[in-house]
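Listed after this line are the structures, all set down as structure tokens.
Note that chain A is present in both complexes that follow, paired respectively with chain B and with chain C.
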Partner chain A sequence: MNAYLALFKVNLLERLQYKWDLFLGGFGTVVYTFALFHLWKAIYSQSTIGTFTLLALSWYTLIGQVLRSAGGRPVNDISEQIQNGTIVSFLNKPVQFLYLQASTQYGKRLFQALSGFLLGGVMLSFLIGFIPLQLIHLLPLLLIFFLGTYINFILGFSLATFAFWIEDARPIHWIYDKVIFIFGGFLFPLDILPAGLQAISSKLPMAYFVYYPAKLAVQFSWPLFWQIIGGQAIYILVLTLLAHYLLRRGTKNLSVNGG
Partner chain B sequence: MAIIEVKHLTKTFQTKQKQSGFLGSLQSLFHPQRKTVEAVRDLNFTIQKGERVAFIGPNGAGKSTTLKMLTGILYPTSGDISLLGYTPQRDRKKLSYELGTVFGQKSQLWYHLPPMDTYDLFAAIFDIDKNVYAKRLQKLIKQFDIQDFIHTPVRKLSLGQRMRCELVAALLHQPKILLLDEPTIGLDILSKKALRNAILEFNKKEKTTILLTSHDVDDIENVCERIIIINQGQLVYDKPLDDLKSVYLQKKIIKLQLEERTKKPLKRKGIRVVADTDLTISYEVDTTRQPLQDAIKQLLSYHLNILDITIQEVSVEEIIEEIYKQK
Partner chain C sequence: MGYLRFIKTYVLLNISTAMEYRLNFFLQSFFMILNNVAFILFWYFLFGTLDSINGWGLQDFVGLFGFAALSFGINAFFFGNWTRVGEIIVNGELDFYLSLPKDELSHILVSKSSFSGFGDMIFGIVILLLFYPITLTNVLIFVLGSLAGALIWAHLLVFAGTLSFWLGESSGFFQSLSHLTHVFTSYPSELFPAIIKMVFFFIFPVFFITNVNVFLLRDFQWIWVVGLVIVTFLVVALTRFVFKRGIRRYESGNLVTSRI
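Entry: the complex of A and B
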């Protein structure tokens, strides 16, 4: 565990070398939330979306964006490491490659996600009001956020292992990214989808790291909390086993040529 | 006792083939062509504890592939590898505690942070006790003379400074075996010398087994005591460096500077031309077939207008080049 905390720390420190990058990353979240806030505002002048108020939906948008970015993009890093051969420096260490990547991604993304949340939060507080959340719900919510970002990571990691066969898994991730956009509840809550699609989407793992956690943040209830944590536990177990399997198969297929 | 054992090691892999141009790209998209490459073929060698071995060969000979199989990163197609009794692919985690690696072209230091941050990280990864780590690091800092830039971000270091820091990172967990893949690549003469001295000193003090690949003959001559040459994935030479020299030292190079060119080069038993440029001719004399004294006499009587004459031993570089050509 000590090794993974140290990996997290060293990646966090490295990101702190890029102060502007941190700020601009957060600023991207602000722009996205600002644009969608005005879209929702126009829509809410005529109708509503599911059980969401405009205030809840605006904060849902911000939290969804932050959660999506917090899990990182292991596919980019792993594809690059396989292509340029630097993966050898990671594979010959006495740590699990899967958790090495998790620590790295969390370290790289934490500040960016926090800066996005703070900047976006300040903007939304001025535009429409403070997040409808009670302080007592903060800890369980943070647990759901953490588990959600881990599902995001582990899904990205599983896709990234395809790079062991095809060297560059980024095109696969591009498709996956679009799936999250619509069926993960990233662009809008799943409540907006037709009943059939909504039923399917709400069972997908993507819903457990964007839709449900963001919904819980603005419409907290204990039944919803237990429903989410149960679903997250199942997906974490299944996806972690899958990731280990793919990694074991993938590393046997690795070919890094030249010095 | 053999610390590294490689038996009948073979590695083949597939590479994509593509014709140039747009049509070639389209063709490769729908009908990808693959070629099977035998990077390593039936390789056998053993290395004893504390040995310093040069593992050399021309580009594409299979050196780096072999090294990566020794670390357990690449899987052999067939054959067996044993390092300290471990099978690298099966026991990669256990072996990593005993193995230090430096891949000259692939840094393992965090690029935007000072080396010290990477060392702290590696101490945690290798679970080194805090006091042991502090003492060991101080010792390595002195040995490799890196105290002046240990807190400077890696991106601001010169290549020579970075390579010394890379070596410290590889040695921090006190490995029994050190695999160095072109550690002096791109370094200036002084940095190379400093790095070689540091490696030698470490080997003497800690009895670390060293397997080094390099295209720099000075690395081989100054650091190693044994030389393994592979070409096209096959072992072509495996002997002590002194043996290599003693066999090839029987050859001498006689370089003649002529006043004017009147004749073609001399052809005699045991004498052959190795370089012929305008007014300079270099002959290689095989002294086992033609005594040096006789060869000089014959050359002096054949070329009557000699301005200058020099006699040299064949360099290790030329010897290795000869071995590459022969196989």
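Entry: the complex of A and C
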């Protein structure tokens, strides 16, 4: 456990060396939230989306973006490590490659996500107001956020292991990214989808990564909290087993030349 | 004429490189098309319950995205280094281009090609042809509008990259501006307050990349054509002027590379 924490800390501190870049890293979240806020505002002048108010939907958009940026994209690193063979130096160490990657990705992304949240939050507070949040809900929300981003990490990791067979798994990850956009509730809440698609997508693991956590943040209720945490626990268990299985099969397929 | 032949040679070389790795080329193009379909689905679902947003219908929103994909694809495929100018300056890779007799900026831009850009181009063309009637005027707007949009977009990002002559390492700043152009090319200017419209029409003219083309398809007015021509000319000329000035400040990194 100490090794993973140390790696997390190293990556976190490394990112802190580039303060200006860290600040600008959150700028993308601000621009995107700004554009979508104006889109929602135009729509709300004539209609509504699900049970969301304009204030709730604007903050939902921001939180969705922050969650997506927090979990990282292991596919880039893993594809590269498999292509150039450096993955061997991680696999022959007495640490689990899965958790080693998780520590690295969270360390790399945490401050960027926070920067996006702070900048975007200030902007939204000026544009429409602050989201009413009770202090007692903060810890349960942070837990849900962490588990949600972990589901995204494990899914991304599992897809990245395809690089053992096809060398570059990034194109597969593009598609996964877009599935999150539409069926994970990233671009808009699932309430916009037609009833059939809504029923299916609300059961997918991606919904437990963006849609439910972001919805909980703007419409907190304890029954919703317990429903989300139950779903997240099941998906984390199943997906972790899957990730370990794929990694084991993939490493058998690995062939590295040279030293 | 000599420059056109030079650019044509590079384009043909890039295409033959793409064909050398044709499976990768077709895979990347295919996945990029799928990637873009997701955004069309977004508008499709959104307009399931709405007729229009601020007077813009599904066709207009899809038109914006079609032009964005087409212009982006043109730049990515034909001018693949459009996002790397700052990096080339900072890494000292400019020496190679300075030592040759051709225009440095044109040479930099055409000397790389991104395969996925081909998928973007195909997607943009198909989407525009599917969602708009095929008339001579419309086809002229598709072709000339996307070319003008591509030129403006490429030169705005080259301008941002060129600032590295003065700022040094500024990839974070560049990424932010690049992200900004991506977002504002995909949304109608009508959504935004007057101050934003003013900035993105007249100061950093991102709205001329896609919005003006959709204006022309909705209601053809010569004033927009004149505006598009003037802005394209100004952005290209200003960027080239700033790049030439920047070269005077360039300090070689004595980087020795081999180009295979």
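Note that in this section the second predicted complex is superposed on the first by the 258 of 259 C-alpha atoms of A that agree within 3 Å, B and C clash if a C-alpha of one lies under 4 Å from a C-alpha of the other, contacts with A are read in each partner's own complex, and residues count from 1 in each chain.
What we mean here is this: a residue touches a chain if its C-beta (ideal position, glycine included) is under 8 Å from a C-beta of that chain, and two chains touch if they have at least 3 such contacts.
Please read all numbers here as calculations on a predicted model, not as lab measurements.
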item	value
Touching partner for A:F181 - first (chain B), second (chain C), both, neither	second
Chain B versus chain C as contact partner of A:I43, first or second or both or neither	second
Partner chain(s) touched by A:P140 [first = chain B, second = chain C, both, neither]	neither
Touched partner set for A:Q17, first chain B, second chain C, both or neither	first
Touching partner for A:V31 - first (chain B), second (chain C), both, neither	second
Residues of chain A contacting chain B in one complex and chain C in the other	18
Complex interface listing, chain A residues touching chain C	18, 20-25, 27-28, 31-32, 35, 38-39, 41-43, 46-47, 168, 171-172, 174-175, 177-179, 181-182, 187-188, 192-194
Chain A-facing residues of chain B, complex	13-15, 39, 63-65, 68, 71-75, 92-94, 96-97, 99, 101, 103-108, 110-113, 117-118, 120-121, 124-127, 153, 181-182, 185, 213
Interfacial residue positions of chain C with respect to chain A in the complex	24, 27-28, 31-32, 34-35, 37-39, 41-42, 45-46, 48-50, 53-54, 171-173, 175-176, 179-180, 183-184, 186-187, 191-193
Of chain A, residues touching chain B in the complex	2-3, 5-7, 9-10, 13-14, 17-18, 84-89, 91-95, 251-252, 254-259
